[in-house]
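Across the two complexes that follow, subunit A remains constant while its partner is subunit B and subsequently subunit C.
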Partner chain A sequence: MTARQQATTWGRRLAALTWKELLQLTRDLPLLLFLLYSFSLSVLVSGAGITMQLTNAELLVHDADHSPSSRELIHRFQPPYFAFVGAIRDPREGLRHLDAGRAMLLLEIPPRFHEALMSGERTAVQLLVDTTNAPQGLSAAAYTVRIASLFGAERGLAAAGLSGAKASLPMVTSAHRVWFNPTQDERWFQSIAHVLRMTTIFAVLLPAAALVREKERGTVEQLLVSPLSPFQIMFAKVLAMSGVILLALSLALYGVLHPVFHVPMKGSTGLFFLLTALHVFTTAGFGLVAATLAKNQAQVGMMTLFVVGPMLLLSGITSPYESMPTWVQAVMTFSPLRYYIDITYGVMLKGAGLNVLWKSVGAMLLLGGTLFGFGMWRFRRQFQ
Partner chain B sequence: MTSLTVSSPDLVVRVSGLVKRYKQHLAVDGLDFTVHRGEIYGLIGPDGAGKSSVMKALAGVLQYEGGSAEVFGTVVDSERAAEQVKPRIGFLPQGLGLNLYPELSVEENIDFFAKLRLVPEAELRERKGRLLAITRLDHFRGRLMKQLSGGMKQKLGLICTLIHEPELAILDEPTTGVDPVSRRDFWAILAEWQSVNGMTAIVSTAYMDEAARFHRLSFLSHGRVLASGTPAEVTALVPGLVVTFESTPQLEAVARLKRRYAQVESLGPSVHLFTLERDAGAAEAEIREVLGDLPLEHLHTNEPELEDVVVALLLKEQDGQAGVSGRSSQAAHSATISQFDGLAVQARELVRDFNSFRAVDRVSFDVQQGEIFGLLGANGAGKTTVIKMLTGIVPPTGGEGRVAGEDMRTAGGAIKERIGYMSQAFSLYLDLTVLENIRLFAGIYGLARRQSQQRMEWIVAMAGLSEYVHERTGRLPMGVRQRLALGCALVHSPRVLFLDEPTSGVDPIGRRRFWELLSRLAREEGVAILITTHYLSEAEHCDRLALMYAGRIVAEGTPADLKIKVEQEVGQLLEIAVERPGAALAQMVAAGFSGAALFGTKIHVLSRNPSRDEARLREVLARVGFSVGAVRLRMLSLEDVFVSRVMALERAAQKEGQV
Partner chain C sequence: MALKEWKETTRDRLFLLLAFLLPALWLVVFGYGLNLDVEDIPFAVLDRDHSELSRDYLQRFIQSRYFSFQGYADEERALDRLLTDTKIRTAIIVPERFQEQLAAGEPVAVQTLLDGTFPLHTDIAKGYVIAINQAFTEDRLVEYLRAARGLTGDQAAVLVRPLSVEVRYLFNEEVRSTWSMVPALVMFTLMLASPLLTALGVVREKETGSIYNIYSSTVSRAEFLTGKLLPYIVISLVNVCVLWVMAVGLFQVPFKGNFLLFFSASVLFVFCTTGIGLLISLLVQTQMAALIITMIVAMIPTILFSGLLVPIASLTRGAKVQAHLYPAMYYTNIVRGSFLKGVGADVLWFDLLALGMFAAAISGVTYRLFTKRPRA
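Now for the complex of A and B:
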């Protein structure tokens, strides 16, 4: 056989296997529906629903002063950040509400608050915060500090007889410009993050399940006695599943992210899809290794959960990568998702190209190649 | 009505009009039968005939839609009714050792089931000893269940089912996949429990050759009873003769005969057919007439076996659906004799170890092009591992082999291009259609579009798949799936075909049709076929056989050679019809007929000198008042061959152990 004939045969084999994977997927209606949901409705829901910003923090007030000043201060706690849930007379009652989870914040304004301010004395308000949900509690506290100090500063300046443009005391204000997300729309981050999550989950699960199913049913033996290399068997799966995932991704992109959340695509769309394919290939490596270790679909499901769980939590979409302990960061060097996050936000929001992202791309290539190679080695070994 | 049934103390089970539906699929379709006290009742039928559903309904673990399943006069239709009968029954579900605990030892398993059933300590000890002795498991009391062989697991399963001395044992395919020796042990326990304790048993099986073990039986097909009665009654349903002879060219002979007879098979070099003619001379004359100018040699006639009758009944049920006959004639002419020279498979001293366990131990054999070679043995004997080594799935630990002219250690790729393989599970993609499956394998073997179109047409015609091409494979009956799997294995016109237990779960007609395909492949296309099976009756189709036991080949030759050799060693088989066979058997054993065994209502014994032994046993039995009926000489079956070989090996191993 000439080299050319060999190449055609090789291609025919790969095409036959890839086509088979796609056919099988179309026959699995529940899985298809789940895939469709994950990249459409579920993106919509999480983009609209998940927010890390302080919203609707239930505020309870014990106003012992009932003065114009106290009322003005209370008035500064505004929706959507705060939700005023009521005033109480007895501070102990407030604590009970806090304990029962009916309120998150209890603001106490002491008697003589107005009087003290008017007479130029120092005075303080007390804020009790339920920080069971730490990020929310902490930002509520921070907001309160800002509100109180601004209020205090204004009153102080007013008392000194200075107000408005006449104020010429030395002060530092921060004037920030928001880049990459000018409207500060948090839905951008959340909806993209959700698409990344889904891409990763399916990239691990689909090829892994497809391979284990063949093991369970015994069809893999049929493939092994035919003139196919392990590479062809595994690569066909990844090829088919990557295609499907890219298709689903464009659904999310052009069906939800663009039209609903107006997420821009600043960089090259082609580059984004190419790098997504690379991410799917790399991540699929984990799935394939798991599939060579597992005996059945239940086992491979648990194993992939074991890999995907930490990957989703620690790669930087659930919490900032930079704020994690160094050892976690070190472990996460092996998470392709960690690089894919940089790539996605880079290409979509910052318009970055390969000249910026080459390090992440290189790391993914290396990781993907290693995993795929290891998977192939395991695949050959498991039957011997 | 019910009061009537209760009043009959002899009636243990009465099934009437039973209907069980799984969604749209009707599994049991108005089934009726009764079982009397002390009977061993058989439910025979292929997979999906409804056997398991009936048994589960009787054991009170399956709800049913219509009719009634009555056990000991109680209609088992609610959990409370089931609780009432459960103490009196023992149920062994289908599957090797599925009711056992793999991490417990043999003895712990037995003790657990005994405690569950509140068996008193003293009785437990006595019964356990007795059961372990009959099953020859007493040396393995401490061994964990998961380390037992398939046959041993199944025997242990039976012990655990019988430990509380149930009045009724419901055993669902207890012998499927079990080696012939363990199967004999299995039947020995049942026979003993039945004759000594008066136990009743309902046993299902897919092996037709076990039918003779039953007192009465029902043959099920598609949830209905096709035939029922004593084995003799069922056999008498379709009177006729089985004629075996040789004629050349065999394919041409078979083709001509097929136009006249519904059941024609080629068994190795001979032709086997079933005729409705009762007279041997007339049957021979008729066959000569059909054969015309073809020679006819070595003709002998036999009474039909149950399988012949059942196939005749099934054919009648299908009513001409079996479009087998038409096609075989066309290709018959292309057969020119012995153009297929050369060795297809050569195995030399193949060894395979899994850790410390030697699965295959110095196995050597040859398979010629155009030959059907059978590798027989129980589950775990090493058959599958041999095939896996030859097909390159598993590398051998030692030894060498050549497949399709190439060294299997160095030319794996070239070999894979030239072999076809069909595994136990018919590895097809069940979610793809018939055509998609064939196309996939055509693609895998790198066939070009035109070529693959041609092969596809050939496969569809060869395997008779034209009405199914666009059906999903998962919805097809087992017999059709099996032919599709064979077709997929043949897509690239391989020279050597490996078939690993290709007939499990297929009904008798499907099996016959499959074998017909195989013999045409071998005779017409010169394909070498290496096949493994644990249906020993099927092995008669092979040109040559090798029996495997514990990783070794213990006998090799043509089926006829093997039988003759064993006959010379251990004697011929006598079948004795006698009243009260259980008690008669005990008398015979006492009188020195040590190998005697109960087969339903008959006794089988091996004899080196049939005429002398017949006279002696007639005398022995007459002296104690038994009236002996007919004593017939029977051909040894391959199962007899297997059992006698293995027993000899076990005895040798024990002697060695004692020295």
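Now for the complex of A and C:
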């Protein structure tokens, strides 16, 4: 046989095996339906439903002054950040609301508030914050301080006769320009984040479960005595599953992200799909390693959960990567999702190309190659 | 039945090890590693003024723990590149004549460029910038009023800042992220690990065909299902205790509530989570489908809709409905309430009731769905 013929047979066998994996997958109706749901409806709900920016912080007010000033201050707590849930007469009643979780903030305005402001004295309002959810509590407090000090400065300067159109004061004002998502539309971020999550979960689990299933049933021995190399067996599974995942991803992209949320694709679509394939391969490497370590699907489930959980929470879509402890950042250099996040947001929102992303791509190639190599080595050693 | 399942589970050493190890290890990793506070935002500066005052102003950013200084840029294009490359998330451009204008008593606008890809972080970074600008402005104003009006420093300060806010943080007095995270993480690990324990139970027997032995035996439906659940409920409850000890001992989270209440809520919750796994196991035909569906059903709503990261109040209506249809939210309320707030059944009764209803509903549906005479 010539080398060329050999290559064709090799390719044909790989294709046949890939086809078999696809067939097997399509017979699993519940799984297919779920895959469809995960990349369509689920993206829709998560994309539209979540705002992590401070929204609707329930605000209770105890106004002991009932003056124009106190009313104006209260009026400055506006949606979407705050939701005014009511005024109370007794501070203890407010505490009960905070206990029950019906309100997050209680603003107390002291008596003589107006008088003090008008006569240029110092005064203070009190804010009680429920910080069982620490970041939101801090954010709400920061907003309140900002609103109150601005209000105070206006009043103080007005009392000194320094306000109005003509007054010119040495102030530093903030002019912001937000790039890549000018309106800070959180649906862009959330819907992409959801697709990243789903892609990662499926990429780890599908090939891993497929491989361990053959082990569990013993059909892997049959495959090994056939003229197929271990590489072909493993690669066919990844190939089939990647195809399915990429298809599902295009459904999410063209069915939800573009038409519903108007998420832009600033960079090259081809590059995005290519790099997604790379991500799926690399992540599948984790699954394959787990599959060679596990004896049955229950074990593989536990092991992949072990890897997927931290990957999803610590790679940077759930929490700010830059603020993580250094050891977490170090561990996460092994998470393909960490690079894929930069790649996806880079290509879609920033229009980044390979000239910017080459480092992430290189890291992922290295990681994927290593994982695949290690998985192959274990797989061979187990059966040959 | 339970004994048989127990034996099968214990025979699989690796699985058993993982079942106990995973929740504990996760609590450590996430408890120490999951930091939600936005700090160390990388930023770069373009200083077009090069004056004493502009350096003084920028120093406030450089010294802030919220920002991490990455260097000066010579031109705006360099900032563009750094932002696109995600080397920085924020850029500050100080305009020419910054010092001159401020000294003459004129307002100056400082331009900030923000990376908008992560809107939450963008918003927080914006807040930090505004706060620093406000503080700097107040200092400039005090200086100005002293010079222009001949006021004392204190008089000027009252004019500039007559109103202060005394903030009191309730329930988590030092506002530690760990304190608010760890109790919710107890929920998180239970919600994720428990359904996976049971998810393969029935479907494994379906795949290997050994379920026909059950169909033809005298074992009743209830006996079979309880047998499938019981060992894993026990494992999960042991995990509840381990997690509780770790939260209180290792992370020093105060436990202000009633342990009995917490534990009974945990029992109900574990019923729900293991029940969800079993339910999925009944509905699908292959272990692979059971595995993937369970993992996504357990993971996605728990990350997004349980109150772990996003407060329920800031969800839109559709998402809120989904949050209420899922037991995790109620348990989060109970766990946070018991640990940090120290509230009792008088406040948490509704969440308890909801959990109880979920447990009953899941068991009921599971019982109805499992027949010993499947069609075809």
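Definition applied: the second predicted complex is superposed on the first by the 381 of 384 C-alpha atoms of A that agree within 3 Å, B and C clash if a C-alpha of one lies under 4 Å from a C-alpha of the other, contacts with A are read in each partner's own complex, and residues count from 1 in each chain.
Here, a residue touches a chain if its C-beta (ideal position, glycine included) is under 8 Å from a C-beta of that chain, and two chains touch if they have at least 3 such contacts.
Predicted, not measured: the structure shown is a model, and the values here were computed from it.
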item: Partner chain(s) touched by A:A16 [first = subunit B, second = subunit C, both, neither]; value: first
item: First, second, both or neither for A:A64, with subunit B first and subunit C second; value: neither
item: More subunit A residues in contact - subunit B or subunit C; value: C
item: Touching partner for A:W327 - first (subunit B), second (subunit C), both, neither; value: second
item: Partner chain in contact with A:D28 - subunit B first, subunit C second, else both or neither; value: both
item: Touching partner for A:A148 - first (subunit B), second (subunit C), both, neither; value: second
item: Touching partner for A:G218 - first (subunit B), second (subunit C), both, neither; value: first
item: Contacts of A:L365 with subunit B and subunit C, given as first, second, both or neither; value: neither
item: First (subunit B), second (subunit C), both or neither touched by A:N296; value: second
item: First (subunit B), second (subunit C), both or neither touched by A:L228; value: first
item: On subunit A, positions contacted by subunit B and by subunit C; value: 28
item: Contact set on subunit B toward subunit A in their complex; value: 388, 391-395, 413, 416-417, 419, 421, 423-425, 427-432, 436, 439-448, 472, 488, 498
item: Residues on subunit A engaged by subunit B in the complex (per definition of touch); value: 8-10, 12-13, 15-17, 19-20, 23-24, 27-28, 217-228, 383-384
